Amino acid sequence: MFDSVLFLLSAILIVVGSLGVLFIKENIMHACVALLTALFGVAGAYAVLGADFLAATQLVVYVGGVVILMLFAVMLTGGGAANENKFGIEKIPAMGNVKTYIIAGVNVLVISLVVIKIMANVMQDYKAVALPAYESTVEKLGTLLVTDHVLAFEVSSILLLGALVGAAVIARPIGSTK
Amino acid sequence: MNEGLISFLSQFDGHKAFVKMISDFAGTDATSTISFFIYLAACLAVVGVMATIGGLGTYAERKISADLQARQGPNRVGPFGLLQMLADGVKMILKEDIIPSAADKPMFIMAPMLCIVGVFGSLAVVPFSSGFILSDLNVGVFYLLGISSLVGVGIFIGGYSSNSKWSMLGGMRGASQIISYEIPVTLSIIAIVVLSGGMSFGTLIGGQGGFPHEWYILHNPFTFIAFFVYFIGALAETNRAPFDLPEAESELVSGYHTEYTGMRFAFFALAEYIEVFVVCGVAAALFFGGWKVPFDLGTGEAFSALPPIIAKNIGQILQLGSFFTKTLLLYYVVIWIRWTLPRLRVDQLMTLCWKYLTPIALFNLIMIAVWAYAFDGKSMFELFTAMGSGSTGGH
Amino acid sequence: MDYTITTVAWIVLLPFFAFVINAFIVKKVPNVAVGISCAAIFGSFLLSGRIFFDFVFGKYSADYHVHKVFNWFDLNGGGQEFVMKMGIYIDNMTAMMLFMVTGVAFLIHIFSTYYMKEDTRYGRFFVYMSLFTSAMLGLVLSDNLISFFIFWELMGFCSYSLIGFYYEKEDAGNANIKAFMTTRIGDVFFLLGILAIYFQVGSFTFVDIYAAISSGMFTDATVTIFGFGLPLALIASLAIFMGTIGKSAQFPLQVWLPDAMMGPTPCSALIHAATMVAAGVYLSLRMFPLYEIHPFMLPFIATIGGITALGAATIALVQTDFKAVLAYSTISQLGYMVLGVGVGAYNAAFMHLITHAIFKACLFLAAGSVIHSLHDHHTHQHVQEMPRMGGLKNKMKFTWFAMWCCTFAIAGVPFFSGFVSKDRILGDALVMAMHNPYYWFPATLGFIGALLTAFYMCRMMFLAFHGEPRDKDLYDHIHEEKFSWNRNLPLLILALFTLGVWFSGSLTGQKLVKVASDKVEWFDTLIVKPKTENFKNYQKQNWGPVDIKSTISFPVSKYDSNHGLSEEEAHHVHSVHSIGAIASIIIAFSGIFIAFMMYIRKSWNPGWWVNTFSTWYRALQNKYYFDDMYIKGIIQKGLIPVNNFLAWVDMGIYDKYAIDGWEKVNRCAFTVSKWFDNIFVDTIAVDGTGASVRAFNVILRTFQSGKIQFYIIMIILVLSSYIWSLA
Amino acid sequence: MNSMYPFLFLSFFMFVIGLGVMIARKNIIAMLLGIELILNASALNFVTYTRFVNQNLDGHIMSLFIIIIAAAEAAVGLAIVIRFFQVRESIHIDDAAQLQA
């Protein structure tokens, strides 16, 4: 019962958040909060799926890191301020218009057709198995990370370091030499 | 998955009998329903107690600052001014709820909620005693870190949505400070996780004992350093002095909650005080043995003369006392620091985090891992005693 | 002893690395650069010392040598055989040269830390010195003429740099150009000589050349020049000897050396007195078997040496500049060495090379010590003029002492090294004169030169150190000389080695040098002419880094008091030597006596001589008008008209007709091709291609919009259709 | 929850919405939000299959790496956005159609 309630809550958060990301047009800040909602929902879905470590990671990485980073980026790129920049372009962060939404709708339709076709195949082939009880995945994940997937683990650490340095270098203000 | 209150309660016959009775009455298995209601009750209790503690925090802050400044402090409402917080609360509730016209209204409303949600969400894993923990998640500390970072988002959005430059600056400062200091704090916590071999608070506290020499803070020199890194970082994460830059009243009026009034402001204040309590509790659990009581009195086996239910509950109460004593002592230290040290500049704040605490914490993590590998996880005192008995062929 | 190239090469490489390192750091930390230079040369000194003691005390035959080679580059193929090999060649002479060069250079480095201390380019001086020392050591170790020539030119460059060290002075700039150009004349001939030998022998190495000589390759070989068949041996010898003339400042190319005194005094000591100029003599000694072939060659060499010895000595008589006297004495002494080569006094010439290097280095350092102390407070210049000196003995005890030791040595006073070596050269000259009357000419020149040498050296000493101070103001400003390790210690050490005992060995008994059985004449024993027949079997062998001692056993050297002559002949030679020795002693003391009477007692007035022989005096003061002759005669009358003529040919004929005419032809062709280019290439080919590409681009450009979302849409559509067709 | 399909449809929904965001929006930051949605959708899909099909936790590992890559992508992407804003004073995606600033 807990599971079902939690899943329903998560699904509602995901759906509402995703739609918010797509349709909130006035303020990118609100879209960010909508994304936060959706990501929270994904964390809940992870919990329902028994991925306890992933759920906590989702919280730490997205809520604590990515979303705040997004919010920072929004602030640093002018937020919702409305005026013209030096090139005469409107500085309002363009959020799209009817034309783009129609194009997006067509594309989404196309890809939905494809995915639904694939999912139909999957549903045909799927045989239900007995679900295991919930158990802690932390130890197993740790063991897997440093045995089977150790190369990917190390490479990802280098990737993160590169991203850190790269982001710091790229976002440096123009003209600063330090 | 859910070790905690239910598993503790289900040891007792009374619980089983009650479940059986309700199941018979309803005709279906009512275990989970009853668990749900027990949880509900426990959560409400915790929220209530914590809100009280948060309120008492404001009182303690005033009283201690008055002590430090040789003043009287609140002394009119109730004995020793204890009811001052109630008076404040009433004032807050009755105040007009002002939303600035230029504010981003939905987010302005949402910001204090996010703070409160983050803090109360983290209470779910705070180990008050071996039995009274709402949920002993196996990723407990990790979960606590994740959920409490909602506070940062709340502060940021509060600062942004107020549409005021003071609030904006405060919010930006708060968010950057919180995500920066999360790194040394997390690294210090991971160091303890490496030592104990688990992330749930049960494992973390179970590796320690009732006496100081069995605590992780005295486990080896690096954990000793790790505690101070954690504590400094935690002060910065909760925006406490000397890191209270987001709400620096001399620079930013009142920071991110400048524009807030009434209960919304109270939420922010309450969130801050409860978060201080939470980080102090985590510090107590990680470094000071948590709810462990000396001589294993906490298990209640020492009182086996009494009926088990009473014995166990006496043990639980001793554990609660142990935990709260440690936590509140740390709480006192936090307040003491606030009224003693001057505030840092922003660049000093960032320098402290990135140039000192983070490298120290990294070094600590590596050295603790080395220690755990080299000495097989033994603490310094165990090594000393092993050396003492080494001549007789111990080990 | 087991030598390999990698162990021996460090002698050369240490100073060279010091040069490379210092070249980079000298601007920042000159003191460190100086330290590195001194340490490097000291390291070389130790390594050379090992080789020296190994060879001198090693009981090897005089002909024993170590010869190791490696392939430098290999151009074999296409029917041509050309492998350039580099290597080391160590025999007794090399070992002694190494020890002498490194030792003297080290002491001069030490002295330079005193002399150059206040100079603004303190560090740079040591950079050049390191490079120079490295080049000199490389030259000494060379086993073939090509690497010999490379290092020879490298030394020429260092000499150029150091002469022009004070490049602010115009004189210094002129002097270094003069030195460089003058020696270049000799070097061109030297290179020609090397090539002449290569075309006959097919190899550059000394060993192969010796082998070729012994197998008679040079005996009848001729070379045709302008239709005349001339003996190859003579041409090659003359060409190579021209190198010696240039480098060792022999007549008639001696003009550069006095001007080279513009450089700092320590570099004069090292380069223009002790070592580099001796490299010419060293070359002559190495190529001695070649010189012996043609009977014309040795008398010619002896004549050049004699003329140089006497001519330079006469010029030195009238010089008033302190260093100029020493410069001319250097030329004169080099003349003696060449004279020694010319009369076949192989080991005497080499011995004079060594002894001269030591006492002349000491003399120059002492001169540096004097000049450094004499500071004119009006012009802020160092004083070199002897008329302004006098009575310096009281102020500079150590310098005075060291300088007298060297003066005795150079003057040929018994028990000093100069006597030992110069007496032998003159004695051998006398012996040769007994056999061949022609040799009376160079021998006589040599004896007169010896008299003059003793006279002018003592004149210099008396004028500078004795008598009353002639410039009171200058004298009073001199600081009393106190003993200091980097000013006086090198002087005293060098002065110690001006004693003859080190070289003749007659006072030391048999224990010092165990190379001889009965009598210890270690120089005689160790240094003998290369016996070319020993090398006969080696020609064109594939030398590898193997010690040849394992394949050929050399007998232990024995001192042969008869020098391979018959008993009667040897007796004759000994008596002639005795006569020569006595004559030398008399001559030396008479020179000193004349100088004493003129400048101390003042009984004989030098002015009388000047007035009586005023024409000669003017000629001497103008250095026999050699500079004037070169400039006015050869350059202005000869080279400049030729140059003008060539310039006229170039400008007036070639440029005017050939180039301008070709331009007109080209202009016509250009007009035609321009028309073709405009019509066909540009309009049709290039523009047509561009237009067609542009037309096609109109279609393609719509896809390359740069708009990311367009790309995303395209990706989605393409992927969707692909997956749809698969799934 | 005993069925796989709710999760799959949830994931599909997030993916499609993310795609729509990437096409419909002209704001670069909003497009980055869409990318986050797409990445999360795929991560959820992996975890779903782990739970319901093979239970060997490789899907969890995959999701973990997706989260890592998403974090790196967000950091670098937002840095590029900020840089772009410094240069062009705009975060309109069609202003980024030139190779030269």
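The chains carry the letters A, B, C and D, assigned in the order they are written, with residues numbered from 1 in each.
Convention: contacts are C-beta pairs under 8 Å (C-beta built on N, C-alpha and C of every residue); 3 or more make two chains touch, one makes a residue touch a chain.
Since the model is a prediction, treat every value here as computed from it, not as a measurement.
Asker: Once you count every C-beta pair in contact for both, which comes out on top, A-D or A-C?
Answerer: Most C-beta pairs in contact, of the two: A-D.
Asker: Please work out the Cα centroid separation of chain A and chain D, and write it as a whole number of Å.
Answerer: 5
Asker: Provide the C-alpha centroid distance between chain C and chain D, rounded to the nearest whole angstrom.
Answerer: 78
Asker: State, to the nearest whole Å, the distance from the C-alpha centre of chain B to the C-alpha centre of chain C.
Answerer: Centre separation, chain B to chain C: 87 Å.
Asker: Got the chain D residues that touch at least 2 other chains?
Answerer: Residues 19, 23, 26, 93 of chain D touch two or more partner chains.
Asker: What are the residues of chain A that contact at least two other chains?
Answerer: Where chain A meets two or more other chains at a single residue, that happens at 53, 57-58, 65, 72, 100, 103, 107, 111.
Asker: Which residues of chain C are in contact with two or more other chains?
Answerer: 709, 713, 716
Asker: Which chains are in touch, pair by pair?
Answerer: A-B, A-C, A-D, C-D
Asker: Along chain C, where are the residues that touch chain D in the complex?
Answerer: 705-709, 712-713, 716
Asker: Considering the complex alone, what residue numbers of chain B touch chain A?
Answerer: Chain B residues touching chain A: 1, 32-33, 36, 104, 106-107, 110, 137-139, 142-143, 145-147, 149-150, 152-153, 156-157, 160-161, 168, 172, 175-176, 179, 182, 198-199.
Asker: Please give the residue numbers of chain A that touch chain D in the complex, ascending.
Answerer: For this pair, the touching residues of chain A are 3-4, 7, 11, 14-15, 18-19, 21-22, 28, 31-32, 35, 38-39, 42, 45-46, 48-51, 53-54, 57-58, 61-62, 65-66, 69-70, 72-74, 76-78, 85-87, 89-91, 93-97, 100-101, 103-105, 107-108, 111-112, 115-116, 119, 122-123, 126, 128-129, 131-132, 137, 140-141, 144-145, 148-149, 152, 156, 159-160, 162-164, 166-168, 170-171, 173-174.
Asker: List the residues on chain C that touch chain A in their complex, please.
Answerer: Going by the criterion above, the answer is residues 709, 713, 716-717, 720, 723-724, 727.
Asker: Okay, in this complex, where on chain D does chain A touch?
Answerer: Those in contact with chain A are residues 1-2, 4-8, 10, 12-21, 23-27, 29-30, 32-34, 36-37, 40, 43-44, 47-48, 50-53, 55, 57-58, 60-61, 63-65, 67-76, 78-83, 85-93, 95.
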